[in-house]
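Structures given as structure tokens follow.
Note that subunit A is present in both complexes that follow, paired respectively with subunit B and with subunit C.
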Partner chain A sequence: MREHLKSCAQAVLDGESEIAEELARLTLEKKMDLLEVIENGFVAGIREVGKLWEEGILFLPELVMGAEAMKAAMELLQPALETEGSDREKVGHVVIGTIEGDIHDIGKTLVATMLSANGFKITDLGADVPAVRFVDEAEKNDADCIAISALLTTTMPGQKKVIEELDKRSMRSRVKVMVGGAPCDEKWAAEIGADGYAGDAVAAVSLARSLTGRG
Partner chain B sequence: MSMDFREYIKGRKVLFDGGMGSMLIAAGMGEKEIPEQWNSLYPGRLVDIHSAYFEAGAEVVQTNSFGGSGLKLSASEAGRTLDPSEVNETAVRLVREALARFSPDAEAGSGEPDSSLDGGLRRFVAGDIGPSGEFFPPMGTLSAEKAKETFLVQAAALDRGGVDLFLIETMYDIREAVEALRAVREISGKPVIVELTFDRKPRGFFTLMGDTPEKAAEILSSEGADVIGANCTIQSDVAAELAGEFKKVTDLPILIQPNAGKPELSGGRAVYRQTPEEFAVDMERVLDAGADAVGGCCGTTPEFIRALRLKMDSKG
Partner chain C sequence: MSVIPRVTWFSDDDRNKIIDEAKQILEELGVFVENEEARELLDGAGAKIDGNRAYIPTAIVEKALETAPGRVLLYDRHGEIAMDLGGDRIHFNPGSAALRIFDRDSGDARTPVTADVIRYARLTDALPGYAAQSTGVIPGDVPENIADSYRVFLGLLHSTKPVVTGTFRVEAFAVMHSMLSAVAGGEKALRERPNAIFDCCPSPPLSWSDLTCQALIDCARAGLPAELVSMPLTGATSPVTLAGAVTQHCAENLSGITIHQLAHAGSPIIYGGSPACFDMKKGTTPMGAIETMMIDGAYAEVGKALGVPTHAYMALSDSKPVDYQAGMETAMGAIVAAMSGVNNISGPGMLDFESCQSLEKLVLDNEICCMALRLTAGIELRDDPVALPVIAAGIEKKEFLSLPHTKKWFRQEAYMPGDVIERGSLEQWRANGKKTAFDRAGDQVDRLLETHEVELLDAEVKKHITGLMIEESKKAGMDKLPST
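Here is the complex of A and B:
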């Protein structure tokens, strides 16, 4: 088992989707403990990828490939986990998008990929998303968290509009709000009453975990 | 009398212009508009901004065509209504109009001598080419062919407009920079500058893809770039260190264009706290560290370029 866990983590670290998939299949065939393999195998791998990325040792291509390998494995394991009726904590659901008037979606997509690789359920609304739509989708999906990206100083105020809309519908207490994008920072998050700011995709995962207590 | 930029930059330090985006926002550009749209909407305002940079003492002024590749334009609602060739040709015309205010007899394709500049300084129009906005695998689906195709259209239009040189900038992926460079080389023998964008990591300077200045220098010089360097992402305070890294790995002339100090938010608006003088002091160190040419990127204005001109002139 220990060897298997190490291989799973390594497959993610190497960004080897096919190997990760094969290992996931083997996990199912041999009826190994799914939670154990996910947590101490694949998730351990993606956490290491995130750590090395933050340290400037891995870069964007490795981060994306690691996340892809993680996703490939989870696509096989997730359905089994569900039929097994596993008691793995309910995963957090994050509604994510780039705010209206802003078409930058590279950073947002990266955050969505990393959140998804770390077990969050994601509703990605894309770019140029009106404030009202963030809240509509959060309501519809009973989401735990809204993540709003803004890459322009001119579109940042839109992040505040989402929070105002949540207030208006009395949803603010049950939906956390995180913001990101080049011009944002902690100060800005505090100023508009968001629950937190994340400077990159790895920080976004930690933030989403601490805000929702899930993932 | 015309002069090739390659000759011009030999044995002298050259000053480029500064930021465009923040100038356009200050001039009233709206949320849904894109900079390239303004070339046809408000040509007069563009000519004024270019003129302000020439007037501040910039020898090279860049066309407002950073996002002017077909791929980049097609990513926005506003951009989809624009014709890439027209955007780029117009962008050149607007800088040439600004240039004509200073050098009335200016001809396309020449560094124009200018009686208002001392010490034999000349003025050049650089055709600006920015990233396509798409990513190569594994991040995206961009291919070398698709990248080259879009840059060929842009480069040809800039060339027809009459640029003196090409400036490929803010490239985060060497592969894309190479395709832009090849596209330019295919249609023109004019000088080409390639700037990548680097961030400072614990282990040194790297592009988003993890490439070093050394690797960039090796590939770009073998692909025939005339000048190489870096712009955006970093601020002026660490630019000297990056210039030093380039100096160690290349014999080509080096251009460095950092951002003004990090913007701070004030009432929901970005405010650059760094003064033009502080920027100029940092940039003098960049020149001392081995850069052959300097200018500014995001947040820098004609005032920053003027302060730098004064520093460079007083040094002689």
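Here is the complex of A and C:
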């Protein structure tokens, strides 16, 4: 078992989606303890990826590939986990997108990938998303959190509109809002009444965890 | 006749391979075209349309390249040629569309207002290194949806140089075109002597939004030069290899040229871009990376081989203040651009990934541009024999300063920098208050803004374009424009 856990973590660390998938399949075949494999195998791997990224050792392609490998494994394990009715804490659900008028997709997608790799359920609305749609989707999915990206100072005010829309529908108390993108910062987040700002994908994961208490 | 110092990026074989593969990409992978009219143009020419995707046969691309002019001229307010784009001729203009301006007093970036845009236009007008002005700063004190036309309006009032600009909304083209026509002396005069370039940016990889497509078509029909600003980001929105980025850039530009020439064959178009070697740590788009400059220089070489004028976003920096990094990256870019023969070099004044303009940097960068222009003028022999009789005279006089030969040539041989470049003694520097280049640039900004007089725009024309602008601002819900 210990060897297996090590291999799972290593597959994520190496960004090897196919190997991660293979190991997940083996986990199911051999009826290993799912929670144990996820927590001490794959999740341990993605945590290590995050740590090495923060230390400046890993670069973006390695971060993305690690998250992709994690996702590949979880896509197989998650359904089994649910059938099993396992008591792994309920995962947080994040609705994410780039705000209306803004077509910048890369940073947002990276955050979505990292959140997903870290166990969050993600509804990715893509780019150029109207404020109302963020809230519609959050309502529909009973999401815990909305994550809004803006790469232009001209589109930043759209982030505020999302919060106003949440207020209007009296949803603000149950949906956390996090913002990101080049022109945003802590000050801006505070100014518009968001719950937090994250400067990169790894920081976004910590922020989502602390905001939702999940993931 | 002197040789223009030039760098070469590819062997003929490699360059041809890149061009051939770009054409193959357009045929096999196609381009995403959001604009219906552009799709109809492509369809009519024989491209295969599948939904929003257009697969463009090489024959159509080659026909567009045949009709695209190899030389594009830009005129100033007096109708004089200000830019002669083509061949290896280089011209500089400030980087366009900054969201912020660097504030000398606070030492930080801030949102610009109308007064900043005016200062910026007047300063550009005063500095000889810039062949054109650009709508370089986006004012924050007017509604967002007129910021595009308003920048052009201010530029036309406060500088006589042609304008490098672009639209933020499809509807803005009409009013911008009206203002430019008024200054040029009518629509026909504008077509004959264009005074503006419009940037049109495809979205990588290989995608044309409705806005950029429409701008391309509008420019083609109005005879206003369109400038393609293709921006592959290595490993993020394009292949990670530099050659792969140049290939994607070529395919994007070729598709733009094709749409443009189908809208109006023979209209002026510029092969350009703003690619970047994507930073794999910060996730940013460094304009100051040497690899970014290599992609720029290399695609310019491809553009030349295709027979169209070229443009690049070079001679700018990612630094936040005007510091060592700012100067280093700007100067490297300017020299690489100059030696690659990029015809229209946009970038000076710019900091922070094309998002912040600085008046002080604009003054310092002017020196870089003038030096780069001197560099590309190359070394001429001047005399025949080159030196022998002069040296003989110098030996006799034991110095060269008083020789007529020296007086005859020294101004042409050496570029004389302005006061921002320190070439005095240590003692002089101390006596002048130990100023840095940034301090000296600040002094010069103040001096130039105080002394430089921009020729006033004809009163009737001014009244006309002011009327157009007021109409626009009313539509956007602003009854009174800031004082101009």
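Everything that follows uses one rule, which is that the second predicted complex is superposed on the first by the 215 of 215 C-alpha atoms of A that agree within 3 Å, B and C clash if a C-alpha of one lies under 4 Å from a C-alpha of the other, contacts with A are read in each partner's own complex, and residues count from 1 in each chain.
Throughout what follows, a residue touches a chain if its C-beta (ideal position, glycine included) is under 8 Å from a C-beta of that chain, and two chains touch if they have at least 3 such contacts.
This structure is a prediction, so every number in the text was calculated from the model and none was measured.
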Exercise for the section: Using the superposition on chain A described above, determine whether A:107 touches subunit B (first), subunit C (second), both, or neither. Expected result: second
Practice task
Considering only the touch criterion stated at the top, classify A:11 as touching first (subunit B), second (subunit C), both, or neither.
Solution key: neither
Practice task
With the two complexes superposed on chain A, say which partner A:65 touches: subunit B (first), subunit C (second), both, or neither.
Solution key: first
Fill in the blank from the handout: The answer to whether subunit B or subunit C touches more of subunit A is B
Exercise for the section: Classify the contacts of A:187 with the two partner chains as first (subunit B alone), second (subunit C alone), both, or neither. Expected result: first
Handout entry: Contacts of A:55 with subunit B and subunit C, given as first, second, both or neither
Key = first
Handout entry: Touched partner set for A:207, first subunit B, second subunit C, both or neither
Key = neither
Handout entry: Touching partner for A:151 - first (subunit B), second (subunit C), both, neither
Key = neither
Fill in the blank from the handout: Both subunit B and subunit C touch subunit A at residues 56, 59-61, 103, 106, 152-154, 183
Practice task
Name, in rising order, each residue of subunit B that touches subunit A in their complex.
Solution key: 25, 31-32, 75-77, 135, 138-139, 201-203, 206-210, 263, 265, 268-270
Problem - subunit C - residues contacting subunit A, complex - result: 99-100, 111, 138, 144, 147, 168, 203, 209, 233, 235-237, 240, 278, 280-281, 283-284, 355
Practice task
Sort out for me which residues of subunit A touch subunit B in the complex.
Solution key: 15, 55-62, 64-65, 68, 101, 103, 106, 128, 152-157, 160, 183, 185, 187-188, 191
Fill in the blank from the handout: Residue set of subunit A touching subunit C in the complex reads 56, 59-61, 103, 106-107, 110, 152-154, 182-183, 200
